[in-house]
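Shared between the two complexes below is chain A, which has chain B as its partner in the first and chain C in the second.
Take a look at the complex of A and B:
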């Protein structure tokens, strides 16, 4: 019994985890300094904001959707918080207001998607543009600043050699994991992707449930925004451009499927780490940034194709 | 059998353009299995859904336990103990068996989180009462077999402590052994005093489990009879509404030459296992069998949708390869698919466009097309097939099932294939349109076309075919000539796959 479940567990490890190991080995051969504690600490810190966004994106992907406004929401939080602080609101309060705002943006996304029965891709793309424009309007196109010691507390306080911001990501992970595994809401998220009819027949409203999911993702994007603000110490309207896609890629790499509500948030960690480790490794070995995106794109494609091939084989 | 626990009086349910139920009465006693029978579209499922609260009837009332009930949705019916085991499973694939059973009624710990342990314990007990303790309550539903999923579905229904259970075509996807164990469960539930409504059109099953039968036809209740009070033939006559010989008109015509021959067909998914069949010009060949017997899959191989692992197809005596539908149409094969909404029609497009969908190249050999010509062709077929519509520019989604099927037929007629495969051609359409489709099939055969007809409706296969192949679990288990047709024997072979194996070999 124990052995069987162990085997099952090994089987449940997404292929991306193995890929991660392979890539770490490759990089460590290419550069002897690569395998160092400080380098991995760096990777972890760099990965943190995207990691949080990807946790939110995972929930959306589980419902067979994508939220393309998440990156814009992160940028917006940095801008809006600084903007509010400049206008006399205490920074911490401003952060809270910003997070509430993105939760609301998420809810609006959900209402459009669920009530209008509009593909999430389109609805959230529209929202992305609106939110981006607001950020640009608030900053007149450049960065805006507000000095505070709070940023440093988040980025530089360390607990067990790891900065506070990484612990925030851990907390968000635990939160999302519990929501998905241990709450009705999470069960329903799996149901939205797996069998909406089943939810309706059980007396659950898929519409409400979708709205909640998008709002939840917005809330998580808000937290990612606060962390990002602490790292860049300014309001930057384009700081998180493209993160929504990286988050989708990380989610899919982590084994969450666009169909049937399959997957979970654990795999997403590996997905984000893979993307970040490749980026970092390419920097360490000195690959030009022009090539970096192409390499990352190829690896993401390769991982997804391998996954698809494995799946098709197992179905045959 | 106990007292009456549920009655429905004068139920009338309207759907756009049709009366699905017309003044229907129905009653159910505690501890009985009451079978609802009728052809597709007769209103069986609609009546069941009215009782379950999924549909609201325009007229009539449902009395449960002596009081009139008006349900707003299935949840209120559930709370009263009226539950359904659906034909299509209503399970969420990637949550556990226990979570599925208690969906939206989750037990919670003091912290407000889901109490997996308690749910799993109770789920285990429910499954044990069904003799299914081998199903792991922690496993994802996705990892269970179809029969296991059905047991989970029943366990879910039982968790509501039901008084009335509705089974909607429960055996459609089960193998023979699984059907046996399902019937055992139904007998057990019956003994516990649960009233069971059993929707089905498989007559072979009725004596095994039923107590009373109510026959519906075109939304009207024909009669309620005790299980031993009428013969199968009388049942069929009541279902169809007239003597079968009047519904199915066949002209005798010569069968000259083999149009299509398939040898030893296998697919990659073990759905089709060594199928042999031949169809002559001018012949209608029926393929009978249960859902899942491999009939549709065989058609898919012949039409190039399903990859063929091994085997050989001959057309007019020449060995051919059919890897894509395009190749199939070039070889003169057409398929009227089982699911006309998904596979047969572009629902949002006009009747005219659907009519010429396959024959576009034939009508316009040059590069450009003309809308005027398309409309002419469509109008021609509209008149020929009596498609009821105000305009051929109307989108197909606005047509009734019967008229949609006629558009599918128009599509193939305008292409004029030599071999035409009909997969469940009369599913979900009314009797009038059915008869028109039958007479059209007869006409095509007399013109020398080779026709393969796949159908789950035994009367239809028997009425229309010159020859019938019987399929069971991927094998051809029998071949019967028109002169030897006997519905009980074919029915038995469809169910059991037995008795005809030697026949198929020879």
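Take a look at the complex of A and C:
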């Protein structure tokens, strides 16, 4: 019994984690600047917005879906908050309103997906375009600006040597972890991906649950948007374009499966860190940006293949 | 349950309505809107700083005659006497790696590294034009103990956190093209307004001060595109008999330039001129006009790219403007090295390059010389 749980535990560490260690060692041999505390802090700061989005995406992936509108929602929050602030609403209140709005957008996504039984891919793709378009309308295409010290409180206040924004990511992680592991709602999310029929038989409405999940992801994307706003200090209608895909990639890298409703947010942390550490490392070591995407792509592919091999072997 | 359904339907409807109103807004109005917005931000900026500054809150251009510049020549003919006295590390951050223009700028920085004797590190965001990634790159460069960071900003406001961090770390920050929203050590590269004004004036003169013109704008809201468009419009406003019959965005892309022009010439059949806010969109417009047998239309663009210059040489295009990314990267390095050597301050906070004195307009007369001796794209071929 105990042996099995040990094995289970080792199996639970996604292969990405090992990959991370290898990559960090390689980079630190390549450049003396790499292995420093301040650089590690840089990686954390840089990974934070995507990390938060990926936590939300993980919930969606667990239900066998993807939310392609999350990136657009992040951009929208930066724009909408600044837009409201420019029209006389206190910035912090504007942030709250923006987060509520993305929660609502998420709910609408959920309603379309669940009630219409429409594949999330296409439903959220539609929403992505609508939200992007609204962001562009609010800004007339450019970036918009509202001066405030709040941004710098979030990005520059440090607690235990790490800026506040990173702690926000930690909080979101704890929240999502608790929701997924300790609440009924979390069990239902796993159920949506794993065994939808069993869920219905147990008297739980998959429709309601799906709507809640999408709304939850929207809420988290809203938080990511606020953090991103503090980081770029302006409303940028296209700042998070493509993050939804990176978030999906990070989630899958982290070992969350699109088929069985298995996995969780802990793995996602490694997935995001892998992507971010490669990017940062390639920059610090000074690799030409032309080659960077190819290298990132190869490493991601390698990680996912190793993951697949490990899984197939363990199944045997 | 029913209540929820109603609410959800209402919400969806509301969203759909926003979408439709968004779509039905004529593009011309949108461009007008963006101009207005620009003015608004300009005026608020003005209130912030009462100092002698231009409308954007940044220092005005200081135009230097050629003998005052630290480098000689333009395009691939650039050279300098400036030499690094110690070993310096200079980092350059482009907007993307997908545009030959940006690659040529990186080459200019590398060439400067060879000529002046410093280590040049060039980077670009992996997502094209992502200011957020540019900030990350700046943070990574601060990590690498750069002495100078030169950045072609993807966005003026968005780059500020990176600029501030670099300055706090004691690193000189220079911008090329799009400036940061606050003055840095130096801004160089072309004055976009000036480029637009010059090309539009050339065209208006060639047309004898009258005719109908189509403008293919840059991406909505991009600062450089707006400045250039303002330059074009200001120049054309001086000619009462010239009418801008349509001004729509082609997003700096050839395919969009082509399709937008195809659509526009359905309605506007009497066209004498077309100005694309960069070469790519102008070339797209050219293809559309050719296909419609409208061969007498004067076509102008900006940047002096490979295809545009050969179109000028063959007479298909009227003119383009050498915005010289190669030389801009080079001159930025020269100013940086001079300051690192002995603390030399540049004559202003914005020193445009190339200036009118360098005759950056490429037309049928100057094109041969440009292609043979100057063209920046030879650096990346």
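In this section, the second predicted complex is superposed on the first by the 304 of 316 C-alpha atoms of A that agree within 3 Å, B and C clash if a C-alpha of one lies under 4 Å from a C-alpha of the other, contacts with A are read in each partner's own complex, and residues count from 1 in each chain.
As a convention for this text, a residue touches a chain if its C-beta (ideal position, glycine included) is under 8 Å from a C-beta of that chain, and two chains touch if they have at least 3 such contacts.
Bear in mind that the values here come from a model prediction, so they are computed numbers and not experimental data.
Aligning the shared chain A places chain B and chain C next to each other free of steric conflict.
Within the superposed three-chain model, A:289 lies in touch with chain C and out of touch with chain B [touch as defined at top]. When chain B and chain C are set side by side, the one touching more residues of chain A is C. Centred on chain A, the angle reaching out to chain B and chain C in the chain A superposition, using CA centres, is 130 degrees in steps of 10. Of the two partner chains placed by superposition, A:266 touches none, neither chain B nor chain C. Once the two complexes are laid over each other on the shared chain, residue contacts for A:184 go to chain B alone; chain C is not touched.
By the touch criterion defined above, A:132 reaches neither chain B nor chain C.
Residue contacts after overlaying the shared chain place A:109 against neither chain B nor chain C. Touch criterion not met for A:63: it reaches neither chain B nor chain C.
Within the superposed three-chain model, A:124 lies out of touch with both chain B and chain C [touch as defined at top]. Of all C-alpha pairs linking chain B and chain C after the chain A fit, the shortest spans 17 Å. Across the complex, chain C is touched by residues 33, 36, 38-39, 42, 45-46, 49, 104, 107-108, 111-112, 115, 130, 133-134, 136-137, 139-145, 151, 155, 228, 231-234, 236-242, 279-280, 283-284, 286, 288-290, 292-293, 296 of chain A. Taken together, the chain C residues at the contact with chain A in this complex read 8, 11-12, 15, 18-19, 22, 30, 33-34, 37-38, 41, 94, 97, 121-127, 129-132, 135-137, 139-141, 143-145, 155-158, 160-161, 181, 219-223, 226.
Every residue of chain B that touches chain A in the complex is listed here, in rising order: 73-75, 78, 86, 88-95, 99-100, 103-106, 112-114, 116, 142, 268-269.
Within the complex formed with chain B, the chain A residues making contact are 178, 181-184, 187, 190-191, 193-195, 197-199, 201-204, 260-263, 316.
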